[in-house]
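The following pair of complexes shares a single chain, chain A, combined with chain B in the former and chain C in the latter.
Let's look at the complex of A and B:
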């Protein structure tokens, strides 16, 4: 009966959300306070109902109730409890419910947190959030219910896709969703500002933390997906420009543009329309990401649903969101005229403008490559894919420009930078960058991209170090403390700026990891019999033999390797091949990864013949761990900003 | 802001956008990879021989021949109507075996043999080229549920 209770809860939640679209706005128009207050109860009730629905589904999973179709399709009785709970978002229907649950939680949180400060806009916020929630609930109730039963019930479930039985895969979707759904709050605030006509900077200030948090969650979600692909798929890489990867990357790119351009509005009251445009696009791309992944129109790891009805529904839903938001933006555009104009092309404003421009061009590039195959298929019935070389060739120059702007923008003056300002801030970094590129060239780095990246990394780091040194020595002499204490004071007085700069360093570290691991990657595929040895880079690998391996719900074999660096034993590596004991016939590959100081050694077992020969793919990925470190530093930067103490005077 | 500056910003944006647009579109055509079924590839015009394409179908039962102690293998790929021979060198993905769907990337050599060094890594057994699903070659999920109940 539990699962029927869950189904009943989502149906009720759907009706409650529809009420949530109408009641608060009606309250605002009729100046009826009790109706407005009802809005807050509505989002809370909604959250409780959807939590109940998720609860019943988790309960059915834990009770191994295979009469529930979704449970039967995505788990079996041998599945460990941890993955049994995570199976909630392991398939199409459940992940939509989970998406909606996060949405309802965020809507309720936002309504309670911002209630006092924004009495005039909160009703609209509740209405918008309720509308999006209703859209997803309708999809769940009518087209994608995880509450369906099958009769007669099978005695055993299929299994959770073995590839998903991995910690990386358990955390990757929730983080992505937190990011996607998080952007709905700034979006709703923006729409509320448009609808209420209160188009000052309040909505941007109030959503600052939401934006940052969503952005970093999305960043982590994407990186976790990459890390999972790296060690679980056994192909030695972490990013393949797969349409589904692109689907999460597009909102990230535009979200990054938005994150920067709001600062211009806060400081200079410019870019008003532009910011509204960006947040609408960011949230729409989050929805598009869901659409691409969940509609099944793309053949990929993630596209499990193959029901065209769902695709059409999400398409209609998205068109409604786009029409409504851009329509409102156009109607309200007369309220958005500002007198302030850009003073000079050499200024921080224009650096932000160009940053935005390039991020949008990057997004358009990905958009084109991702959706062109769909377009051609729809129009001509021809199947094409856009190869990774397209993205690599087009994307890299754009990234380089964005990185240079990343070094320039924080240090250049607002309004109009003088020649003096530019020379003072950029002469030494320029020399530092060129000098280090020259040193690296002497020591044998000859490829163009690595050299340019070294230049940019040193240029940008130098600007940051010089800036930090100047400010902290100002503070140390100003209040008579030591230089380290000065650094603390500098950070303390402008947490947002220094948090942002730390994030920039994270980006640089990440890019160095990407460039290093792709430009200097070594790979080799070899066939070996026990006792054979092969060399890759400065390491030699000795294959000792194969042995059995087993876990709770899988059996497998592993190949045993001893790794030597110049005859010195450095590591033992055991790439595995697993067979899960569920309904799945698919073996999975567990790569063996040995982190060394300069990068990863990576072995992936491909095949074992009856005679005991194995085929193994070996990779050496220099600097690849810098990608994950970079993500960590970016997160640290965001934390530094989030834990900003509120100023007493405001 | 003076008119001159406005024009300056506008022109520089246009130039940059144009350059990048050229870069993007210029690289687009040559990086498009066409996807064919065995029937389609048989009717391919000779102009396309040697061009990188993908072909998808089912691996014919009993056709897979691995050449011992090499990374080479031969197999037949079918869409039900037509069958082509594939010569593959490399490491096939986990799911690759006889009787399942496969997508191979390579070139159609003189209209006789498909040479491939990459078989798409497919991450789920549910996955299969959409046109194969349409043709009903693979058992749909429904049948799987039925088999569970029996």
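Let's look at the complex of A and C:
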């Protein structure tokens, strides 16, 4: 009975959210406060209803009720409880429900938090959020219900896809969804601003935290996906420019552009249309991500379940969102004229503008690469694939430009930068960057990208250090305290700025990890019998033999290796092949990863013959953990901004 | 109307139109370099009886070649469809259906066939050498070979839904009746 209750709850939620589109706006137009207040109850009720629906599905999972089709398809009785709960978003139907649940939670939160401050825009916000929720609920109710039963009920379920039975995969989708869905709040605020005609800076100020939070969640989601691919898929890499990976990367790129350009509007009241455009594009790309994965128009390792019927629905839904939001923007654009013009091409606002342009060019590159196969197929009927070489060639130069702008923009003056300002801020960093690149070149780094990246990293870090030093010594002399206390004061007075700079350092660390691990990667595939040895880099690997391994719901084999560096034993490594005991019998690879100071040693077992020979892929990935550290530092930077204390005087 | 208004409208129409056109297509039907080429010969032990089977003994017939494995989830999904294709055409003297059991444990393969049923022979390909000759990079993949031994069609992924009728009506039936298969 429970699951029928859940189904009933989503049907009710669908009707409630349709009411949520109409009632608050009607209240606003007829100046009826009780109708407006009803809007707040509606989003709350919606959240409770969808929570109930998720709850009944989780309950059915935990009760191992295999008469529920979704439960039978995505779990079995041997599946550990942790993964049984995570199976909620393990398949198509459940992940849509989960997406909608996060959406309803955010909508309710936003309505309550911003209720007092924005009485004129909240009704629109509720209407927009309700419309998006209704769109997803209709998809769930009519085309992708996780509440269906099967008859006769199987005595045992299939299994959760073994690839998903992994902590990384349990957290990767929720973080992505938090990012995607989070952007719906700034989007709704932007639409509310357009619809109500209140196009000042207030919508940007009130969505600042939402934007940052969504952005960092999306960042973590993408990085977790990369980390999962790295140790679970066994090919030694973390990013393959797969269409679905691209789908999560595009909103990230545009979201990053938006995050920066809103600051120009806050400080200089410029870029008004531009900011609206960016947030609409960001949220549309989040929806496009859903469309790309679920419609089956692009071939991808991620396309677990395709159905053209859903594709048509999502296409209609997405078209409605696109036409409505861009249409409103176009119609309202006459309200958005600003008289402020750029004073000089050498200024912070123009640095932000270039940052935006290049981020958008980067997005367009990914967009074209992702959709080119579809375009060619549609026009000429030929199949092509766009692979990593295209992206590496086209994308890398754009990234370098963005990184250089990342060093310049925070340090250059608003309005018009004087020659003095530029010399003072950039001469020493320029020398520092060139000098360190030269030193690396002398020590044998000969490839172009690594050298350029070293230059950029040192240039940008130097601008940050010099800036912090100058500001702190100003504060220490100004209020007569020591330099460390001055650093604290500088920090305290401009936490948002320094939080941002910490995030920039995180980006640099991450890029160093990417360049280091791709430019200096070593790899080798070898066939071995017990007792054999092979060398890779300065390490030698001795294959001792194969042994059995087992977990709660899997059995498998592992190959035992001893690793030596110059005859000194450094590690034991055990790459595994696992066979999960559920209905799905796909073998999975568990790479053995040994972090060393300069990078990871990585072994992945690809084949075992009956005679006891094994084929193993060995990689050495220098600096690869810098990617994950970089993500951590970016997170820290965002936390510092989010927890900044509000100024008492403002 | 300003310039950027027009640009946005054109971009929107273009993207939506592209997706609409793309919806009817199937990204999984990847043309193989082998399509139009002669099918690589092979031979190997029958999964169930162990006797030697070889492609050359089916010369002059239309052969449907299906690569599968017991550990492959999608192979389970398409199995009924394969049995039904065989059932539909096996009365025709020139029709042959052949499975290739790819990188499998013999015991698992036999258990798979006995629980899901089998009406046609399967060749064991433990080392995956036949699959390498055919450029298979995952199971299931299905090839259709004509009477002259030329590969005429390849499909990556399970034979389900519309692919089933495309396979039977546009490829296999025309080939058996001596007509050209329809290109879709």
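As a working rule, the second predicted complex is superposed on the first by the 646 of 650 C-alpha atoms of A that agree within 3 Å, B and C clash if a C-alpha of one lies under 4 Å from a C-alpha of the other, contacts with A are read in each partner's own complex, and residues count from 1 in each chain.
Just so we're on the same page, contacts are C-beta pairs under 8 Å (C-beta built on N, C-alpha and C of every residue); 3 or more make two chains touch, one makes a residue touch a chain.
Everything numeric in this text was worked out from a predicted model, so none of it was measured.
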item: When chain B and chain C are modelled together on chain A, clash or fit; value: clash
item: First (chain B), second (chain C), both or neither touched by A:15; value: neither
item: First, second, both or neither for A:235, with chain B first and chain C second; value: first
item: Broader residue contact with chain A after superposition on the shared chain, chain B or chain C; value: B
item: Partner chain(s) touched by A:589 [first = chain B, second = chain C, both, neither]; value: first
item: Partner chain(s) touched by A:62 [first = chain B, second = chain C, both, neither]; value: neither
item: Intersection of the chain A residues that touch chain B with those that touch chain C; value: 299, 383, 583-587
item: Contact footprint of chain B on chain A as seen in their complex; value: 69, 72-73, 150, 152-154, 156, 158, 161, 163, 233, 235, 299-301, 303-304, 306, 341-345, 350, 357, 361, 364-365, 368-369, 372, 382-387, 389-390, 393-394, 397-398, 525, 527, 577, 583-589, 606-607, 613, 615, 617
item: Chain A residues within the chain C interface of the complex; value: 291, 295-299, 308, 311-312, 315, 318-319, 322-323, 326, 329-330, 333, 371, 373-375, 377-378, 383, 579, 583-587
item: Residues of chain C that touch chain A when the two form their complex; value: 2, 5, 8-9, 12, 15-16, 18-25, 27-31, 70-73, 108
item: Contact footprint of chain A on chain B as seen in their complex; value: 1, 5, 8-9, 12-13, 16-17, 20, 23-24, 27-28, 31-36, 52, 54, 69-71, 90-92, 94-95, 121, 123-131, 133, 141, 144-145, 148-149
